[in-house]
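Paired with chain B in one complex and with chain C in the other, chain A is shared by the two complexes that follow.
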Partner chain A sequence: MYLTNGIVIGIIYAISALGVTLIVGIMKVVNFAHGELYVFAGYFSYYMSVSLGLSPLVAMPLSVFLVFLIGLLMEKALIRPTYGDDMYSLIVTFILSIVLQNLALLIFGPYPNKPPNLIFGATNLFGLFYYGNQRLLSFFISLAILLFIFYLIKMTWFGKSIRAVSQDREMASRIGIDHYRINMLSFGLGAALAAAAGVILSPIFPVTPSGSAAISLTAFVVVVLGGMGSLKGCLVGGLILGIIENLGAAYISTMYRGIFGFILLILVLVFRPWGLYGQKT
Partner chain B sequence: MKSSTIWFSVAGLSVAIILPFFLSQYWLHVMIISLFYVMMASSWNLLAGYTGQVSFAHAAFAGVGAYTSGMLSVFLGVSPWLGILIGIISAALLGLGLGVLCIRMGGIYLSLTTLGFSEIIRIIITNEDNWTRGTMGLQTPGLFVEYSKTGYYFIFLAVAVAIGVVIYKLIHSEWGLTMRAVLNDEIAASASGINTINVRLLAFTFTSAIAGLAGGLYGHYLMLVTPDIPSLGQMFLVLAMAVIGGMGSFAGPIVGSFVLEILSEYIREWGEYHVLIFGLIALAMARFAPEGLMGLWINKRKGHGHTN
Partner chain C sequence: MLDVKEIEIFRGEAQILWRVSLTIQEGEIVTLLGANGAGKTTFLESVLGVHHPRSGEIYFRGRNISGINPFDIARIGISSVPEGRRLFKDMTVYENLEMGAYPKRARSSLLESLTWVFSLFPVLEVRKKQIAGTLSGGEQQMLAIGRALMSKPQLLLIDELSLGLSPKITKEIYETIQKLNKEGVTILVIEQNAALALRYSNRGYVLETGRITLQGSSTELLNDEHIRKAYLGM
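After this line comes the complex of A and B, so read on.
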């Protein structure tokens, strides 16, 4: 059961981490406001379905789209001027994370909220134990998103231009790819992935403005573990972290759930700093 | 040293020395807190502004200093002075360890790892409440037998000036030149025989030690050490002071510390909004005036020079 939980959560971690790795891989920018975007999406989906009475099926994609727009705006207004200056982009996204966190506190208040479940009840898995339907559904939605992103990056023209820009920005622009547009779209996509993880997980784990740092960190651990910029690494890294956290919380201590990720991060840095699937240099 | 710099330092120092005789206890407190931030922001600036390493663990190292010294004096009855010294050493050793782990992997890894480290320190302190009293805070003894704000003020002033002098000397030494070479062009620097990793590691360890010292003093001044000291919120304040004052300049973080700390006294009544406001100011500065207040001031002076 803990293992199943680990796999389900791990897939959702993978989506969230995918958002970070996409931006790092293409723009060499770490989005420290990742967790805040997740939290915003969770609250959007809560207010749309509870206050506006929208069906969660409408509220969820709508929230993701809203955060996608926020991501585009962030890139255009704040990240674009920092191109080529890695240090400033780190500082700007960190300040942005503090601003968004306080903004969330201001708008949504400090109380945890959870959007309504899409589905109720539980299913007997493999005749072993009952498992919540909401979690199962989340698992399948996440899997679908994951496959979609892999398809997008590996098979479509958009994906090809993304990979071209990430390999050689100058060369890509010389063959007619507008790298400003690509950067903006990928930042938006990264934000949307954070939002997707947010709307999927928030019915299971309620969102709070103060919880955003932990969410960012989880995504960062997965990205470093998998290797920066690697899509496959995100999937494997997410699963590993999900399983370790759930087994660790079950058998060692729940208070220190956050610590397992950090220990993993240290181990990766000591033994394989480029991550599981990253490039060595 | 330029003569204008000397004049500014002498004038500033004289004002600082006679200040406590004119200030109320309340404003003296504000000055002491500002001096704490001067130590924090200046040393963080040495790291980020001069070697390009954006560490998010600076507040965490201050927390290490504060809690090490606090717990030693509470549980073992160690003198706070000795406690602060041990706190400095602990912060330096942790900094060295963290630096060895991630500096060779480059800037992004350092930022991610220090952010993680900072959260872990906060989680451990909050959870191990037998030793740290958790969020309630640990009550620690003061530095003096008889409480004296003026006494604290002079200690903070002396330490801040000493740190300032060391940083100034470092920036204007061969070592500072090396660090700037690493910042401007890492490949060229390493090609001309500079060991970039050692330079960065040294800077990281040294500034962690300063953060430990500042945190130790701060804890014994407040006489209550809470998990707020190693929090990311505190880290943000230090970063905002350096960014708003002007990163990569010696005076920038000093100006930023006083401006923000004094400003925060005036907007205190707005409560939680004040972090949001600082955040927006910092964001606007980083976007439109990346050299901060110092940069603006220098440009303005230059502009006047041209028109005259």
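After this line comes the complex of A and C, so read on.
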């Protein structure tokens, strides 16, 4: 049961972390505003389904798309002028994170909100225990998103040009890849992944504006755990973190849920600083 | 085909090229000679749009291309083999070649180009599933040339073709270059190995500290007193 919980949460962590790792790998930009994008998506999804009365099935993709557009805009307006200076982009995304967090407080208020569930009830898993259908559904949606991203990166022209740009930006432009466009789209995609995690997880764990920092941190832990820029690392890192947090919370103490991930992070940094699947440099 | 007119290039505040002019006719192999630091690579990168000239113009088939982006240059039929090859090291040989056909006009004939490149460098077909970073130096150079050819270029610019390669492989590659040229690709080769490059080209230019100091047919250059002393060690 706790293991199942860990796997479900872990997969969603992996999606959120994929968003971070895409942006770091391609643009060498650490997006501190990652968690805020997650929170915005959660609220969008809440308001669209509760206030506008849209079906969650419509509200969820629409919220993700909205955040994707916000991501494109952010890249174009704020990140693009900082290229070539990692420090500037770091400061810009950090400030952006604070601004967006307060904006969320202003617009949405400090109250935790929870978009409605897609389905109700529970299913008996392996004849062992009953597990919430909403969580099961979340798991399958997340899995589908993961598979889609892997397909996108490995098989399509867009994915291949993303990899080319991340390996050698100038050479990529010399074979005809418009790297400005790739940057913008991959930043948007990174934002959309944060949003996807947000809309999937918010019916289970309600979103609040102040919760964003924890979301960003979790994503960064997974990225470092798995290895910078590695997609496989994100998946494995997300699963490990999800499982450890849930088992730790169950058998040691729920008070310390957050600490297990960080202990793991410290161990990884000490013994394998390039992460599980990262490259030694 | 390519007409470079008195370009001046700066990198930051440092001037690298002074009023450099160079022309390439369709169907030629032209060599650009020069010592380390003479500005050869900078010249090539200027044609590719990596650096933009502060004055002067570059024409390709009558169109002014100075000041446009590298990815647009690649799309109009100029392709390059960079110094140090700069393959996409974590991708397979096949994927590297595929990326070479990125420009839209090249994608539709991807399979055709692939057959062409494999016929020029059969070893690439054998290694097609291998990760590019694990190839030998000679194979990497072949892959870099192959990648450049995948876009079906009209003009191919090659930087330091022989750098780090054994004489035998260098000779093989030069012979392939000649074959390519006969198939209609116009070529500019940048070389430090003057004797070799001039043997395989129609004309040559000599670049010294950012200025063109000599130009002429390859035979003329091979017999030139200054070239013999400075570049051929005779």
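The rule is simple: the second predicted complex is superposed on the first by the 281 of 281 C-alpha atoms of A that agree within 3 Å, B and C clash if a C-alpha of one lies under 4 Å from a C-alpha of the other, contacts with A are read in each partner's own complex, and residues count from 1 in each chain.
The rule is simple: a residue touches a chain if its C-beta (ideal position, glycine included) is under 8 Å from a C-beta of that chain, and two chains touch if they have at least 3 such contacts.
In this text the structure is predicted, and so the values were computed from the model without any measurement.
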item: Partner, of chain C and chain B, that touches more residues belonging to chain A; value: B
item: Contacts of A:I177 with chain B and chain C, given as first, second, both or neither; value: second
item: Which superposed partner A:S161 touches (first chain B, second chain C, both, neither); value: second
item: Touching both chain B and chain C, residues of chain A; value: none
item: For the chain C and chain A complex, residues of the former touching the latter; value: 48, 50, 69-71, 73-75, 79-80, 82, 86, 88-91, 95, 98-100, 102-103, 107, 147-148, 151
item: Chain A to chain B touching residues, read off their complex; value: 24, 28, 30, 32, 77-78, 81, 86-88, 90-92, 94-96, 98-99, 102-103, 105-106, 213-214, 216-217, 220-221, 224, 228, 255-256, 258-259, 261-262, 265-266, 269-270, 273-274
item: In the complex with chain C, residue positions of chain A that touch it; value: 157, 160-161, 163-164, 167-168, 170-179
item: Residues of chain B touching chain A in the complex; value: 48, 52, 54, 56, 101-102, 104-105, 107-109, 111-113, 115-117, 119-120, 123-124, 127, 232-233, 236, 239-240, 243, 272-273, 275-276, 279-280, 282-283, 286-287, 290
